[in-house]
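These are the structures in question, set out in turn.
What follows is chain A paired twice: with chain B in the first complex and chain C in the second.
Up next, the complex of A and B:
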């Protein structure tokens, strides 16, 4: 197994790399299409604005290759903004097309009474089992930092929801693709277990 | 619901973990990488690393420490001590910090807070505020307690939040290392004045002190001596606090 991490300047990949290494997996930096050949699993981390991140992926020539990677049934995991990029469209920093692997749009969180961004430890209420959630109990807390949320276009793609003024999808999955709104690499034991489960996942569901 | 946080605070000097009393007399209490790994494994919610050396290459040393600690530490990391520019902060973020803590520079040039918040988000910017009580008044100090500032506590809280701080860490210099409890009067005053989350620091010597800080409105309770000395750890603190009804993350 060889775990690729998309490394095109849309997020700080150091923590994620350390987390995957700590579980005993090999990590490869993915900066161009050729890098996808040798890997078995692909992690897509990201922080910042949706539109700018898609531009960075496009500049690296990775948008279609990542789509083909996932549609061929190879495991892809998006983290934080990386999860949002899996959606059809995003509104942060101007309307932009996403990777269109998980149906839905990314919209601003709008509740008025709670501060944004949503930062801190909050619970993921699991709706369905999934191989990547194996060994992780329901209602476990994970570490969140975000101001936008996915408005899911397909309820069956939502694996877990979290409450912060409103309920929003905190884990999504479809086929060989999974995404977490929170940061598993900053979520201690349970986050590391999720990453380990992902790296061991054959996506055959 | 967001959870209250237990935050071990680690003071770094000469590459070692130290503990002070009243900001003086640093005592060696171990290796920061080892202790950070233990804290991360023992259910700490976050770690704060503060470089207290003020000579020479202290920022380089802090970047080195963060880099090494981030290899073993899978909870959010806050780093501070001598940060005075966006570039200083950028180096720490690249090394693996999730937040930076600024103190002395917030009295000289608050635009640094703004520039960091614009690039990394306000949630990544923590303003550290050190306070001594003098004749019944709260007086602010910078440069690790060495320089007296004239601005009032209320005005400074408003200023740093307006400039971009997304969180405050309030520290009583008098209580540092004394293990007699947080300065709750100071904490309540800051909580009442602050629209952003407040972390209480300096004074925790018993798990009950953590409950007092949460009851006074703190979002996070930072602990140095409590975990540096004796066999207390975040896991034990949390089992005590859960029984007291404090909302904490589940593991």
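Up next, the complex of A and C:
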């Protein structure tokens, strides 16, 4: 198994890389289409604005290759902004098209009377089981940092929800694609277990 | 709310099993019953043991035949690891690699048991004995720091087999008894299988002292090669995860019944119990027969916490409905708190006087207990006393 991490300047990959290494997996940096050939699983981390991140992916020539990777049934996991990029469109930094792998739009969290960004530990209420959630108890806390949220276009793609002034999807999945609004690499035991489960997942579900 | 006062001392005790407040992780509820009694009630009532057995079978089949060995069984030769080995070999026809960490004080009866068990079961075994000079230095340091000289043994027993798992590329490791049976570090009520991993190692096996800490504590006066401490260090997580290791207790999958299991290994393997210092001969003769220094360990516990293993063993029996509290109290009064003859041997090894020993212990007493060094009498020697290793007299 060889785990690719998209590394085109849209996320801090250090802690994610260390987290995956600690679980015994080998990590490959993915900067161009060719890098996708040798890997079994792809992690898409991200921080910053939706539009700018999609531009970076486009500049690296990775938008279509990542879409093809996922459509071929190979496991892809988006983290934080990386999860939001899986959606159809995003509003952060101007309206932009996403990877369109999970139906929905990314919108600002406006209903909240609570301060933004939403930073810190919060519970993920699981709605349905998934191999990547194996051994992770319901209502466990994960670490979040975000001001935008996914407005899911397909309720069956939502694996877990979290409450922060409003209820939003914190884990989504469809086919061989999964995404977490929180940072599993910063979420200690349960986050590491999730990453480990992802790396062991054959996406044959 | 404090539990009933026992006639044996001034400590609060569980109204059901009699364990005192100085017992690690112990808490009493409003009825004065301890959390270990409560989780035991859960173990008997709410765990689906049939489902656990299916989990065990699944686990064994997942690893069977894929490596040089199906699993590793860390083995002291005591009742729990002997039963674990017996059960896995007889019930599941598993091919194990038996791994023994020799702490340095294995008693003659234990060695005879081990040879008999390994021959009768027909299994491969390796034994590892660490540097004796270092062992003595580690014992002295752990005694001074924690009042518990067994650091080298506890860390070695739990860490060394994991190194062997990596070296032999065998991911599945089977320990015996889950810690929930005796303490509340892990709780049966969580309904999760306890992983014998680095978290558990750091939580209570290593007394809060890592091998790296130990290095700093002893290297100024001991000719230490940093590699000397590898057997006492947990291997890097990445190496274990690469192996896709699973390190679990057989007792997480089958209800652990020490008396039944001890009888079974006696009948089937000719395993023999032994007399242990400070314990009523014959009654718990299957318990803690592995180490010649067990008497010193129990004596230390008595000095620090005001109870020793008679209290602990009778609490287990009371909890399981096998003994009345009055009978237990009588036995505790007669056998507990005697000075073990092994203390003389121990002090010899560590080149320490009894006054120095008592001085160390005094600083580590767990309140509200107060030991009375003046009134303690010598206990009786076990029959193998003369056969224990002694340092040459200069």
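Following the convention adopted for this analysis, the second predicted complex is superposed on the first by the 204 of 205 C-alpha atoms of A that agree within 3 Å, B and C clash if a C-alpha of one lies under 4 Å from a C-alpha of the other, contacts with A are read in each partner's own complex, and residues count from 1 in each chain.
Methods note: a residue touches a chain if its C-beta (ideal position, glycine included) is under 8 Å from a C-beta of that chain, and two chains touch if they have at least 3 such contacts.
Worth saying up front: this structure is predicted, and the values here are computed from it rather than measured.
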Check your understanding: Given the touch rule stated above, what does A:94 touch, chain B (first), chain C (second), both, or neither?
Key -> neither
Exercise for review: Figure out whether A:22 sits in contact with chain B (first) or chain C (second), or with both, or with neither.
Suggested key: both
Exercise for review: Please work out whether A:121 is in contact with chain B alone, chain C alone, both, or neither, and reply first, second, both or neither.
Suggested key: first
Practice item. Go through the superposed model and pick first if A:61 touches only chain B, second if only chain C, both, or neither. Key: neither
Review point. Who contacts more of chain A, chain B or chain C?
Key: B
Check your understanding: First (chain B), second (chain C), both or neither: which does A:186 touch?
Key -> first
Check your understanding: In the superposed arrangement, which partner chain does A:196 touch: chain B (first), chain C (second), both, or neither?
Key -> second
Review point. Which residues form the common part of the chain A surface touched by chain B and by chain C?
Key: 22, 189
Check your understanding: Within the complex, which stretch of chain C touches chain A?
Key -> 199, 237-244
Review point. What residues of chain A sit close enough to touch chain B in their complex?
Key: 12, 14-15, 18-19, 22, 115, 117-123, 137, 139-141, 143, 145, 163-164, 185-192
Practice item. Using the touch definition up top, name the residues of chain A that touch chain C in the complex. Key: 21-25, 189, 196, 200
Point to revise | Residue numbers on chain B that touch chain A, as the complex places them | key: 1-3, 5, 40-41, 43, 45, 70-72, 74-76, 93-96, 98, 121-123, 166, 195-196, 219, 249-251
